[in-house]
Amino acid sequence: MSRVKRFFRTYTPFTRAGMQEMVAYRANFLCFLIGEIMASFIMYFVWKAVFDSSESETFMGFTMEDMVVYLFITFLAGYLTYSDGAFTVGEEIIDGSIAMRMIRPCSFEMCFLFQELGNRIISVSMIFVPIVAGVEIYRYVQAGEVRFQPIYFLLFLLSLVIAYMISFYFNVCYGFMAFFFKNLWGTTLIKETVVNFLSGAIVPLAFLPAGLANVLNFLPFASLSYTPVMIYMGMYSYSEIAWRMGLQIFWLLVMYGLSKLIWRSAVRHLSVQGG
Amino acid sequence: MESMIYAENLRKEFKKIIKEPGLKGAAKALFKPNKELITAVDNISFEVPAGEILGFIGPNGAGKSTVIKMLTGILTPTSGFCRINGKIPQEDRKNYVREIGVVFGQRTQLWWDLALRETYSVLKEIYQVPEEQFKKRMAFLNEVLELDSFITSPVRTLSLGQRMRADIAAALLHSPKVLFLDEPTIGLDVVVKENIRSAIRKINEEEGTTVILTTHDLADIELLCERIVMIDKGRKVFDGGLSELRHNFGDVRTFRFELVNGPDFKLLDYRRRFKLTDDDVCAERDGSSVTVRFDTAKVSVEEMISYTLSTVHVKDLNIKDVEIEEIIKKLYRREVSL
Amino acid sequence: MMRYIRLHRIFIAQYLKRLMEYKVDFMLGAIGLLIAQGMQLIFLGIIFSAIPALKGWRFEEVLFIYGFSLVPKTIDHLFTDNLWMVGYRIIRKGEFDKYLTRPINTLYHVIAENFCVDAFGELLTCILLLAYSIPKLNIPFHWHTIPLFLIVSVFATLIYTSLKIMTSAISFWTKASGHITHMLYMTNDFGKYPVTIYNKAVQALITYVVPFAFTAYFPATYFLTGKNPLFCLGGTVIAGTVLFLLAIFVWNRGLRAYESAGS
């Protein structure tokens, strides 16, 4: 018990710092968010045009209503599971201030994790409710009945938390690569676009050719946003949810292990450089 | 003839939004921000004749940099004006800055990722320096500032001292009539400081460049400046020569000696002997060594020394050189009222 | 004017020297942008695999408009990318002082200092899209088609650049405005698709408020159909000119309000 207590006492200040940072920059954050969500609205109009131009009510198994839920919940999931630890780690590696982190008596990535959690607490409180409420009101107006399902919603939350952790460790792995790449902007752009595509954020994986979709469904990227979003939409049966979340946990363990591995070799690299 | 620099009632106010802590404060700031008007520079006037080196001193936040930024045309005064080289910076910026050079010690104007030489070739175009003149100028700056050893290195690899020399050269490339140096020796070691001072002196002597410099290092002032303007809380508190400064603010001198017998210290009572106040004299003991600081306007050096020698057993007595640092320290501690 | 052209050559030459030092970074940046555009095209491909036309627009027409939208975007990106830094860093950190002590126009100086070759990723996409779509479309071709295309590209670019100048200049008052630039800039994506797919409010917004519709859709439809030259091309010219004059005005007002930073 006391160990747990000490653990939290060590790391909660980071969470507080993360929250304060977010509060201080809330105006910037909101503007940034509006810019980002614009892309979802453009997609909404494009899909609306697609459905208007198409003779059938569904497009590859999705109704317009599904599409709207998909677009905005994907945006939400993408935003909430986005972790910029990578950039921070990478920048600190490049400018050398990472050494300061290494001499502190606390786990390196835990500091980031807790700081980011603080960030997320504030941003969640600002965007989560409006987006979910907006989507549900839309569904209610379209369907004339409440489509919101609390059980799926809770499972969605759980899946989202795992997705965040996968994203966090994936990005820590990526950030550590700065030890080897020494470049951030270009590689980050490439990483983000590719991850976006592979995770279904640009087109639902179901729309891709069956063979490709099957492969992508098993890759860790689907666990980042596609899985939680499909759960929210009620596209999966309970048994399917069970094994999808099992897959998520599997990828979480893999990413965690990988980050430890890369960290160990990165530290060796650091000492070789003498930096 | 009019002075090279003429400033009249320069005043600069900044609006500062006061943030209250917490979310409530943030919400309040959004709708009704709590603004406070800060007067950074409060009606300062002064003149500098051509060819002079003027030292600008004052505590941190006194408004030195704000004055420099108004003189260089970066900031627009709230009221008042300055005319330099016959031009008002804010009215005719592009033509004005052609004839001045500016160095901000804390910030570089060199192109970070390029070899130093490239910076000069870009500046040559920006200031339209003819090729012939550019060559001559570079040779001269090379000689004065010794740039040769690092002129082909990328700027990001330069040491602070090299970077500062390079920055000064960049400001001088177009042979300006006035040179503004904002803390040109900040963070440098003694040797480099000396190097930079002699370069400034040389340029001032050979080309008659008018120089304004701000500094925290009083050695810069003592070694370079004929005249000093001291500002505090945005107001000019002194304007004159070094000797005048000493005269006005009292000439503080210091002497130090070793006591043969430590406890004898209590026998020394300068205050009662010369009827002085705590402001006039201050004696500190550290083990057997004693440091005495006093104001020569109130009591002479001879009297102090002879009293000391006649009262206690002393070895190794030495009198330190006069330092204006003491005066300024006093001002900084707000012990001098003006 | 000649002097500025000469200066620009020198700035670009210096930039290319810097580029040589960071080859890999720039390559990766360009590849990243190319991939980003490619993903969008896969998305369009998937859509058109299921429907013959999008609200009456054929695949090639949509690609043409999309490609056209990249022309001003790429030019703006290539030449004026440094404006982003004004709102994000240059003013907040007081780095703007430097520009004010130089005897050239501050706006020009800030812009000229950087030249963003990452934009070649977009340029390549743009060329590929136009080269693919134009032969498949029945574009009426006259002697004035190419001059008009060049002129309209310049003014469309001005729309992008002016919006960036204006929003960056806000930071003269507020210290930082990168997020505002970002917010406004992101609406440019609305211009990539035929505006008839949007509802009336969005159409009005991107036609009259943030006129990105004039950077692609309107001029592109003129070239496609030859109809409405006055509105489609004239609108671009007017929007570009008005925004640019406004941008210069805001920038100059901002200069006076500039407060530098620190002591």
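Here the chain labels run A, B and C in written order, and each chain numbers its own residues starting at 1.
Here is the rule we go by: a residue touches a chain if its C-beta (ideal position, glycine included) is under 8 Å from a C-beta of that chain, and two chains touch if they have at least 3 such contacts.
Worth saying up front: this structure is predicted, and the values here are computed from it rather than measured.
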{"item": "Closest chain to global C-alpha mean, per-chain Cα centroids", "value": "C"}
{"item": "Furthest chain, CA centroid comparison against chain A", "value": "B"}
{"item": "Chain centre separation (chain A, chain C; CA means) in Å", "value": "30"}
{"item": "Chain B-chain C separation of Cα centroids, rounded to whole Å", "value": "46"}
{"item": "Approximate Å spacing (C-alpha centroids) for the pair chain A, chain B", "value": "52"}
{"item": "Contact set on chain B toward chain C in their complex", "value": "14, 60-61, 64-66, 69, 72-76, 93-95, 97-98, 100, 102, 104, 106-107, 109, 111, 113-115, 118, 121-122, 125-128, 154"}
{"item": "Touching residues (chain side chain A, partner chain C) in the complex", "value": "27-29, 31-32, 34-36, 38-39, 41-42, 45-46, 48-50, 52-54, 59-60, 183, 185-190, 193-194, 196-197, 202-203, 207-208"}
{"item": "Chain C to chain B touching residues, read off their complex", "value": "3, 6-7, 10-11, 14, 17-18, 21-22, 94-95, 97-98, 100-105, 109, 256, 258-260, 262-263"}
{"item": "Chain C to chain A touching residues, read off their complex", "value": "24-33, 35-36, 39-40, 42-43, 46-47, 50-56, 118, 176, 178-180, 182-187, 189-190, 192-193, 197-199, 202"}
